[in-house]
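Both of the next two complexes hold subunit A, though its partner changes from subunit B to subunit C.
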Partner chain A sequence: MSSVRLYLKYLHLHLLTGLQYKGWPLMVLQVLIVVITDPIGIILLFYRFGSIGEWSVERILLIYAMAVTSFGLAETFCRGFDYFPWRTIRTGDFDRLLLRPCSLFVQVAGSYFHIHRISRVFAGLGAIIWCLWRLEVELTMLHICTIGLALIGGCLVYAGVFVLTSGLAFFTIQSLDWIFIFTNASYQVTRCPIDYMPQVLRRFFTFVMPMLVISYMPAAAVCGWTKTYWLGLAALPAGLLFLLFATLIWRIGVRHYQSTGS
Partner chain B sequence: MRLTRRANMTKVRAYFSLFRIKTAEGIQYRLAGLASASVGVFWALIEIVVFTVFYNYAANKDAGTLAGLTLKQVISYVWLSQAIWTMQPMSIDAEILKKINSGDVGLELCRPMDLYAHWFAGTAASRLIPVFWRGTVTLLCAILMPVPYRLGLPASAIGFCWSLLSFFCAFLLCTAFGTFVATVRLNVNWGDGPMYMMMLIGGVLSGGYLPLQLWPAALQTILLLQPFAGYLDIPIRLYLGTMQPNDAGSLILLQLIWIALFVAAGKALMAKRLKTIIVQGG
Partner chain C sequence: MAQIELRHICKTFTVSLRPEGRMSMLRGAFVRRKKVIKALDDISFTIDTGELVGYIGPNGAGKSTTVKIMSGILTPDSGYCRIMNRIPWQERVAHVARIGVVFGQRTQLWWDLPVQDSFDLLKDIYSIPFTSYKHRLHELATALDISALLTTPVRQLSLGQRMRCELAAALLHSPRILFLDEPTIGIDAVSKLALREILKRENRENGVTMILTTHDMDDVETLCSRVMVIGHGRLLYDGKLHRLKADYAPWRSIRAILTEPVTPFHIEGAERIKAEGNVWTVLFNPDIIPAHIMVERLARALPLRDLVIGEQNIDEIIAKMYQEMCL
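Then we have the complex of A and B:
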C-alpha cells in the first residue's frame, strides 16, 4: 500500500515538474499528430483498394487502436522502465535507487512521467469508440468490461516489454534497438487482416508476445466475429503472465548488476 | 585572388574532415547498426505482407497496378525505403542539440569557421551514420530473400545511374533540411515541439508511410512537387522505372532547387537568430 502511495507521489511530482515547461501543450499536440498520422498509410490503402472481403477499414483500425491504446497506457505509467536502459543504468543513477529502502520496481517505474504521452491513450480511445460506432456494435455492460479488461491486460503486456528490456539492459547496455520490434513495430502487425496473416507472425504474437490476445481477440469477441466469447477475456491473464515472466528476467538482471558510471 | 581561393580550399577541407571524423567515429557502433537493421527487415516484411494481401484479395485489387505500381515494384519500393529510412532527419544532431541546450553555441561562435557550414558537416555525418549499417544489411537481406519477397533489379542501366545520383541528392536534401530545423531549434524558448512536428511532416510526405503513387490521385502533382518527395520517392521511382530516365534531369533539378532553398533559409534564419541569441548556462 505504501508502494502505491509512493508511486502516486512520484507521478504527482513529475506532473508538476512537467507543467513548469511552458511548451507542454505543444508537446501534447506533437504526440497527437504522431499518433494520428501513423495509420495514414493503411487508411489511404483502404481508400484506394476498398475492403478485403469482410475486412473493412473500421475493423482493422479497431484492432490497431486497441493495441495503440494499451501501448500508450504502458508508456504513460511505466515510462521509467522505458527510459531505464538509456538513462538510469548508463548514468549510474541506479546505484542510488538500490540504497533506498523502498520497492525497486516502484522507484524505477516512477522515475519518469511525461504528461504528453497520455495523448496516445486519448487518441486510441477515440478511435476505438468511433470504430465501434461505425461497426454498429451494441455497447452492453459486458462489452465495456471486456474492452476495459483488454486495455488493462494490454497495458501489462507492454509494461512487461519495458521491464524485459530493462532486465536485458543489465547484460548489454548498448544495441537494444531491436526491442523496437516488440514496442512501436509490434502494433504495425495489426494492419494485416488476421485471416491473411502468415502463421509464424500469428503464433509469435499470440503465444510469445501476446499482442493479438489483447487487441484482436477482445475486438472479435465484442463485435461477434467469433463464436468463442471467452477468448476475449484472456487478455488480462495473458498480460499478467507476460509481466510475471518479464519480472523474472528483471530480477535476474538486478542480481547481476555491477555499477556503471562514476 | 589566388590567396583567397587557397584560403577557401583550406576551409572546405576543414569542414570535410569534420564530416569524415564524425562518420568514422559513428560507424564503429556495428552492433547498434545491426539491431537497427533487424527492425528495418522486420518492418519491411510486415509491409510486404500487407501489400501482398491488398494486391491479391482487396475489392479493387487492380487499383495499385492502375496507379502505376505493380506488386513487384511495391516490394522493391519497401526494401529501398527501409534501407534509407533512417537517413531522414527525425531529430537534429545530438551534439548540436546539446550545444544549443547547454549554451555552448557561444563557444562555437568563437571558432574562425562559418557556423552554418560547421553544422551542415555535422548533420551530414549524423545522416550518413545510421544508413551505413542499416542500409547495407537491409539491402543484403532484400537480395537474399526468397523470390516473391526479393528486391527487384533496376528497370534499366541508365535509370539506375540516375537513381544513384538522385539518392545522393536525397542525402543532401535530408542534410539541408536537418540543418534548417537545427537553426529553428536555436530559439530555445520553443522547445522540441516545433522541431519534431517539422520532421514528422517530412516523414509522412516522403513516401515512407505509403508510396506516393498510391496516395489519392488528385494530389499526385502536389505530392511530387513538395520538397519531401526528394527524400525517398524520386530516387526510388527512377530505380523502379515508374519515372522514365528522360524525366530524371528535371526531377533531380527539383531536388536541387529544394536543397538550395533549405540552405538559403537555414543561413538566413541562423544569421537572424545569432543577432539576438540567448546563451544558456554559466
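Then we have the complex of A and C:
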C-alpha cells in the first residue's frame, strides 16, 4: 500500500514540475496532433476506395484506437521504464535508486511522468467511442467492462514492453533499437486487417506479444464479429502474464547490474 | 562487535579495449579485446560505531567501489562483508534504510522543485513518522542554516547551498552510518565549514559512523581520527592520521620571510632548503634538532623579518606516499 502512496507522490511531484514550465499546454497539443495525424493515411485511403471486404474504416480504426489508448496509458504511467534504458541507467541515477529502502519498480516507474502524454489516451478513447457509435454497437454494461478490461490489459502489455526493454538494457545499451518493434511499431500493426495478416505475424502478435488479444479480440467480441465472446476477456490475463514475464527479465537484469557495476 | 566488517573483499571489472592502429574504430565495432581490472584486491578492515574514517587514494584506486559494496549497490566477487549484522547486497531494503549516502557530484534533490518537496518525498521513501520528521527537519535546517532556502527551487541554489541541502537530505532519516563521497568538492569556504561542523556534531551527538572519501586533505585533517589509504585496489595504510604523518612526514617546516633575497647556503641541521625570492622554506627534523635552536641558527645567519613554523603540508605527504608505493 505504501508503494502505491509513494508512486502517487512521485506523480504529484512530476505534475508540479511540469507545471513549472509554461509550455505544457503546447505539449499537449503537440502530442494530440501526432496522434490524430497518425492514422490519417488509412482514413484517406478508405475514404477513396470504400471498405476492404467487410473491413470498414470504423473497424480498423476501432482496433487501432484500442491499441493506441493502451499504449498511451502505459506511456503515461510507466514513463520511467520507457526512459530507463536511455537516461536513468546511463547517468548513474540507478545507483541512487538502489540506495533507497523501497521498491525499485515503483521508483523507476515514477522517475518520469509527463502529463501531456495523457492526451494520447483521450484521443484514443474519443476514437473508440466514435467507432462504436458508427458501428451501431449497443453499449451494455458487459461491453463497457470488456473494453475497460481490454484497456487495462493493454496497458499492462505495454508496461511489460517497457519493463522488458529496461531489463535488457542492463546487458546491452547500444543495440536496443529493435525494441521499437514492440512499442511504436506494434500498434501500427493493428491497422492491418487481421484477415490479411500473414499467419506468422498473427501468431506472433497473439502468443508472444499479445497485441491482438488486447485490441482485435475485445473489439470483435463487443461488435459481434465472432461467436466466442470470452476471447475478448482474455486481454487482462494476457497482459498480466506478459508483465510477469517482463518483470522476471527485469529482476535478472538488476542482479546482473549489481554484479558488474556500470 | 564491529559495526562494519569487511574480509577479503575482491572485485574485478571487465572492460573492453579498442584495438589500436589504423581502422581501429571500424575493427573496434566488431572485435573487442577484453581486459580484466582488479578494482578491489583482498580488502579487509573493521570500523566501530561512531568512528570517523577518511578513505583516501588517487582516482581509480577503488574508493567508490568499496563504498558501493558497503552500501549494497554492488555485489563483490568474493569475500565477506557484514554491516550492522546484515549482508548489504542480500538485504538491500533493510540495509539502506539505516545508511545515508552523499555523492558530491550527484544530486538527489529535484532540480525544478523547492527543496522542501524533495524532503517531503524522502519522508515517504523512508517512512519517517510526521512528528519526528518535523523535529528532525527543524534541527537540520537550523544547524545547516538552510531554513530560508527550503522554498527555493534547487536549480536556483548555489553549489554550496545545494550541498548543505544535500547533506540534510541524507541525514533526514537519522542514518546510523553515513557515506560521503567527496562532499566538499568545489564548494565555498563558508559552506565547507558549516558542512564539517554538522558532520562533527552528528558524529558526537548521535554516534553516527562516517566514512569520507575525499581529495581535500583539510577535510581529513579536521574530521577524521583514522585514515585508510587505498591504491590499486589494495589497502596501503590503516591507522591514525598522526602516525601517517610521523611515518611519511617527520619534518617540520619553517617559512622565513627575509628583508632581502638571499641565495641559499647550508645551515647546520636543515634537511632541505628552498628559496623563492625573499622567502626561504627550511625543513628540519625536530627529533634531531629542537625547533628553538633551528630558529636561533636561522636568526643568526639571515636578515629575518618574520617566521612561521608548521607541519609539512598533508597534500605533499600523500603525494609522497603515493609515489613511494609506486601508484
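Simple rule for what comes next: the second predicted complex is superposed on the first by the 257 of 262 C-alpha atoms of A that agree within 3 Å, B and C clash if a C-alpha of one lies under 4 Å from a C-alpha of the other, contacts with A are read in each partner's own complex, and residues count from 1 in each chain.
To be clear about the criterion, a contact is a pair of C-beta atoms (placed from the backbone, for glycine too) under 8 Å apart; a residue touches a chain by one contact, two chains touch by 3 or more.
All figures in this text were calculated on a predicted structure; none of them were measured in a lab.
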Kindly say whether there is room for both subunit B and subunit C on subunit A in the superposition, answering fit or clash.
-> fit
Among the partners subunit B and subunit C, which is in contact with a greater number of residues of subunit A?
-> B
Of the two partner chains, subunit B (first) and subunit C (second), which one does A:Tyr216 touch, if any: first, second, both, or neither?
-> neither
Is A:Phe71 touching the first partner subunit B, the second partner subunit C, both, or neither of them?
-> neither
Using the superposition on chain A described above, determine whether A:Phe182 touches subunit B (first), subunit C (second), both, or neither.
-> neither
Quick one: classify A:Leu13 as touching subunit B (first), subunit C (second), both or neither.
-> second
In the superposed arrangement, which partner chain does A:Trp250 touch: subunit B (first), subunit C (second), both, or neither?
-> neither
Now for A:Arg96: first (subunit B), second (subunit C), both, or neither, which partner does it touch?
-> second
First (subunit B), second (subunit C), both or neither: which does A:Phe205 touch?
-> neither
Of the partners subunit B and subunit C, which touch A:Arg191 in the superposed model: first, second, both, neither?
-> first
After the superposition, what is the least C-alpha distance between subunit B and subunit C in whole angstrom?
-> 7
Shared contact residues on subunit A for subunit B and subunit C?
-> 21
In the complex, subunit C touches subunit A at residues 13-14, 65, 68, 71-75, 89, 92-94, 96-97, 99, 101, 103, 106, 108, 110, 112-113, 117, 120-121, 124-127, 153
Enumerate the contact residues on subunit B facing subunit A in the complex.
-> 29, 31-32, 34-36, 38-39, 42-43, 46, 49-50, 53-54, 57-61, 63-64, 67, 189-194, 196-197, 200, 204, 209-210, 214-216
What part of subunit A is in contact with subunit B in the complex they form?
-> 21-23, 26-27, 29-30, 33-34, 37, 40-42, 44-45, 47-53, 174-178, 180-181, 185, 188-189, 191-193, 196-198, 201
In the complex, go through subunit A and note every residue touching subunit C.
-> 2, 5-6, 9-10, 13, 16-17, 20-21, 92-93, 95-96, 98-102, 258-261
